[in-house]
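Have a look at these structures, which come just after this line.
Below, chain A partners chain B and then partners chain C, in two separate complexes.
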Partner chain A sequence: MRLLNKTLVGAFTACVGFGAAAAYADDIRVGITMRMVSENGQAYGQMMMDEIKGINEAGGINGMMIKATLMNDECKSDKGVANANKLVFQEKVHLLIGSSCSSVTLPIVDVTAKAGVPQLVPHSTNSKITQKGSEWIFRIPVSGRYYGGVNAKYVGENIGTKIAYICAADAASVGDCANLEKQMKARFGVEPAYRADVQEKEVDFRAHMQKIKSMNVDGILVAALAETMARALVQSYEAGIGADVRRIGSSSASNAPVPKIAGDAAKGVFFAAAYAAADQRPIAKLFNEMVKSRYGIHAPDHDFSQAYDLVRIMEIALKNANLTGSLADDRTAIRDAIANVKGYQGLASGPISFCADATPQCRDGNRTAVLIGYTKGGEDFETEVIARVTMEEDFGLE
Partner chain B sequence: MAFDFNSLFAFIIFGVTIGVVYGIVALGISLIYSGLDIVHFAHGEMYMFGAFFGLVLVHNIGLPYPLALIGAMVLTALLGMAIERTFYRRLTRAGGGYTVAGMGMIICGFGMSVALVNVAYFIWGAEAEPFRANLNFIPRLTFAGDIEVPESYVLTAIISVILMAALHYFLRHTKMGLAVRAVAHNKDIAYLMGINVPLMISLIFGLACGLGAAAGVLIGPMQSVQVEMGYLMLMKAFAAAVVGGFGSLPGAIIGGIMVGIFENLGAAYISASHKDIYAFLLLILVLMFKPSGLLGIEAKVKA
Partner chain C sequence: MSFLSKITDFFEYLAKRHRLLPWVFAYVALIPLPFILSALFNEYLIDLVNRICLFILLAVGLNIVKGFCGQVTVGHIGLYAIGAVTSAVLSLEPGGFGGALGFGWPIWLSIPSAVLVTACAGLIIGLPSVRLEGAYLALATLGLGESVRIFIAVTPALGSSTGLMMIPAPSIGSYTFDSFTSYYYLVMTAALVGIYFSFSILQSATGRAFQAIREDTIAASVNGINIIKYKLLAFVLSAIYAGLAGALFAHMPPGYLHHNNFTVIEMVTLLLMVVLGGIGNVWGGVIGAIVVAIAYDQTKDLVFYFMDRPIVIQPLVFGLSMVLLVMYMPRGIGGWIEDFQRNRRFIRKSEERASGSTRNT
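Let's turn to the complex of A and B:
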């Protein structure tokens, strides 16, 4: 009887295991963890799922379907790491996509490196992400080290070198501040005229603005996440700092809540990003129309374009990867296929290329930043392209 | 930062303007504490709901800002009274009296806070909403040559003074105010004197929530409105209430102004990165040297 029981349990376990394996066998499992707390966040998350659905409807990847799991990390590192662990160890994904916020992506890099899962970064810009030495990480957006160089060149040559810095405590903004500061010192030999490190969700900048006002600076860098930045911009005008003092945004100035919340205070703000809705290329115009008609977004920012480019790069890599059915081997094959993506030209401001070495030179795929200025704030904001600059792959590294 | 009197003056002015907002919220907390002997942990959410009500009344209904302020106060007061009648009163009845001792009310307050945040998230979403109000009827003040005080700050100061004066008048010079004070002093004796104690407690809740709403509508044009705005305000308001003396209404306002000035000066002259610490540093200092708060009454309990 005991033998029979053992046999039945063994057979049941084998059936369940085989069934699960069979269910997974024809799927390529992709896990996505991103910030989706805002209308924009939900829209670009949905857009990625729709694009993946489109790939499946068109026949999938060499006959295999992509099974995508989308999770919201709310830009919180604890949730992001929990999502990544769930996707990697429970869902056993072949590829992880994430996250939007650098402070979330940074710890996830360790999860994917340990588990041996290729990770595509959709939005995070902190330069340290690719400097951790993980051979599994690939970044679609422009690294903060390139943004720092582009901003410094434009600021120093066109605005002045007496710059006040307001730096929020999130990882992307800390990185953006450090990169501009470093580049301003390297190029023009200047230190910040004023620097304030504020909390990630600071609401009251009046003390800083009052001090900055008394210093007659040429420009103010506001490096913060979108809503915090918008508040700082509004309060800078409330403090009586005129429009002649140029406002420089960190890369999150690209996010729609900045002009929406800041209103008129967004006018004149410029920033480096990976995509401009004012881009005149046909592909960009088509993309803008698609996002507007499908998701009701007035002007997609680079979070949308990067999410879209990521899906296209993922599609190319998956098609080129020689998948065998062994999870570990397939993960390695996908990693190698991503590393072989060269000169992808999509919506991004420049071509995206990766290579095999686990170095930032190889894994920061996009080296071209576009300098964008707001010409109008509010719900129906407008932008202009000021310049487009491609950096050397070693730029900003020690 | 180099010291100059103009900047110091500016920091104090800004400290006072934000401080009176802390004070108004602290006033509500103190009112509820004096009425029910409880600390209302969902009061930050009443402030947040008030801000959203004001936003809707200005942006969607098209009311002028002053009317939206009154409307938001009334709506939030009604919401607060409904919450008190529906949830909190059951707890007090279960305890057989008008107040609740122990953890029940604290847990209920925390639960209410989480529930209200989620309700707001469901209605308005997580994105911050700009509160664009036409404040052109208020002059922009300029001090000492170049210190500009924006309209929203001037309005905050004016409205706060009006609210405090109105509350003072209500409590000191009206029959209903006398009844409220009687209930705050001793509910059993107030009941024996013929005062409708449950009604007065509802009124206190409504008043406190209305004050929280006023603070939300006042802060909206300065900082935009979002679902998570209540938590930090609650912490600052608690600090203000304790600094001023828990349960003391003038103390709440004085505590709020002190917290506002202290954190602005700390941010200006020590470090702006840790601005939120200063409020609690002040709180610790006050508790060390005068545990009952600045205007609190030292009560000695017999063993």
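Let's turn to the complex of A and C:
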């Protein structure tokens, strides 16, 4: 009986603990919800936390410290929404960063729009995110609608128009498939030579690859998350499809597991991304060295660069925002300050600019994609920059 | 007398007056909860309570088939998905933002329709139980449940990978249940009614038939219980709970569904609620849902640093607690509750006996 009573008292004490989180006043509170279940996911989150720590150690933002809370959403929308609600209503954050996965970011857009909290998107590429008309959303990565255009132009003009599509069931990959398909039809009037919709974590592509082999296609689009893509690439060679049939990756081909797992099968794969580790700019070389020394990553992918750029843009906006101490006013001031970021030149493939209108034209900050090819697979993979293409802001919109 | 005993006595007193009185009292007592949470803590806790109410519905429903009737099912999450997606698709406007299927039905029609569809699906998921038992039944139901998720994942009309977006919130006239507080009254009512009916089922002839099947199928059959009928009925009743929980989940702001919400991991979490609460114990399932939901919420930002590298330890904590529970607390919290009730009955009888003997002397 005493044990039960103690349990009740303990439960009440725990409940009191719920309310204690928002008891700090003079900090700028930033909430981060990301996919932390993968090795890279943890590193991206860690990089943001390290960069924020660096800002604080350098004196903070106009004398105010940034208090960051990092949460794991496991790439699941219900958990992402719960995290966003917790960060917005319990932690009372000034700014929300999230998420890695488009399927998580899509519902969080509605949470931040309703609560009036500025949201910076670190990695999600699905075009619909900025098409919801939220005044509070800003996307750092290149939108899927631009990737589709860049890929279609290069594929149609340099490889051919007879393309087979392997589309995994995650939101980003489905978007990448749909965008390339749409652009190939618009530019060259062609439909996919073959299309297979597969599971997000599909393991067996051999039947599809045998069919594709018999069709003599010019190229194969493999739109999938990193590990799934790597498996598909390996199995395409196992099925006997030669290297003359070019392999086109979706934007997640940028992630390190692709060349590491695919090994030699990664050689020749090209994809559009927002950052190339082969970038020869001094800032990129410094960044590569920093990521290697801090996190032991051989060559950072665009999710690293986007996480880094996001923190820099956040820093600029927070410094320019006139914070008054009123949470609602401060959130609005931060939103307006982000909307005023113009021509930010960081690691990204092109300048990042935002504006005030709640339209994709204003809120898809980076319109430049870089076409990257793997020249070597394996642990010590190497890449080359094939082209850099900037799209019109209306591109890909109906 | 302890605080808990006083509460129990009070509810027993109310029940003696009218069997619905304790439930009415509980409902009235729960009405101000969002305002208390909001005033003392913050609004987020109302959202957490809303999710707990849905978990309670799910756990109590799962307890009917697993706890009362002893059927090992791992497909409950698939039924939850069917309820959610059906209600969402029926209520979405045709040609909406996400590009998914939409029929534009009123929500108050889409929710019962979803429950009906899920009940039919429950019948289908229950069919293997006619011929299979134990691990084989678990595998069959797991397959059916997972195939539902995969079907949603590869069907663009059901949201596919992008998910179903902008699912409308319920409304009555001009009043819309689109805030944490307003939605609380929907899910709290559903959870309370669900618990009440679960007790009603347990105490009815149907409940006794379920328990007889759980204890010994052959003996139950010899005693005239139609095994097939009652097994399927358990699955259907359980599916009704899952369907209602799913439909309410779909319409809960921000109104978004994705097939990733219905994976095997979610099913294991649901099982953890029932096992922690105590299989076959209604209150155990309720407490299990509350404890697991709060523990999950409190541990999700727990990051352990090993050699300066972050490690998310929540999956470890949950996996380990499941193993420890099965090893050291197989009867779950429900076991405690049963011990508590038994002790109370014993103490009361002893007191009555003592007072009776005093009077006699």
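Note that in this section the second predicted complex is superposed on the first by the 375 of 398 C-alpha atoms of A that agree within 3 Å, B and C clash if a C-alpha of one lies under 4 Å from a C-alpha of the other, contacts with A are read in each partner's own complex, and residues count from 1 in each chain.
In the analysis below, a contact is a pair of C-beta atoms (placed from the backbone, for glycine too) under 8 Å apart; a residue touches a chain by one contact, two chains touch by 3 or more.
As the structure is a prediction and not an experimental result, all values here were calculated from the model.
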Chain B versus chain C as contact partner of A:A58, first or second or both or neither: neither
Contacts of A:Q199 with chain B and chain C, given as first, second, both or neither: both
Chain B versus chain C as contact partner of A:K260, first or second or both or neither: first
Contact breadth on chain A, by residue count: chain C or chain B: C
Partner chain in contact with A:K128 - chain B first, chain C second, else both or neither: second
Chain A residues contacted in one complex by chain B, in the other by chain C: 37, 169, 197, 199
Complex contact set, residues of chain B against chain A: 1, 4, 6-7, 10-11, 14, 18, 125-130, 132, 146-148, 150, 152, 222-224, 226, 228-229, 232, 264, 267-268, 271-273, 275-276
Touch list for chain A against partner chain C, complex: 1-2, 4-5, 8, 14-15, 18-19, 22, 36-37, 42, 45-46, 69-72, 75-79, 81-83, 85-86, 88-90, 92, 102-103, 106-108, 110-111, 114, 126, 128, 131-132, 168-171, 173-175, 197, 199-200
Footprint of chain B on chain A - complex, ascending: 37-39, 169, 196-199, 201-204, 206-208, 210-211, 213-214, 227, 230-231, 235, 238-240, 257, 260-263
Chain A-touching residues of chain C, taken from the complex the two chains share: 2-5, 40-45, 47-48, 51, 97-98, 150, 153-154, 160-163, 165-166, 180, 249, 253-261, 263, 294, 297-298, 300-301, 303, 309-312, 314-315, 336, 340, 343
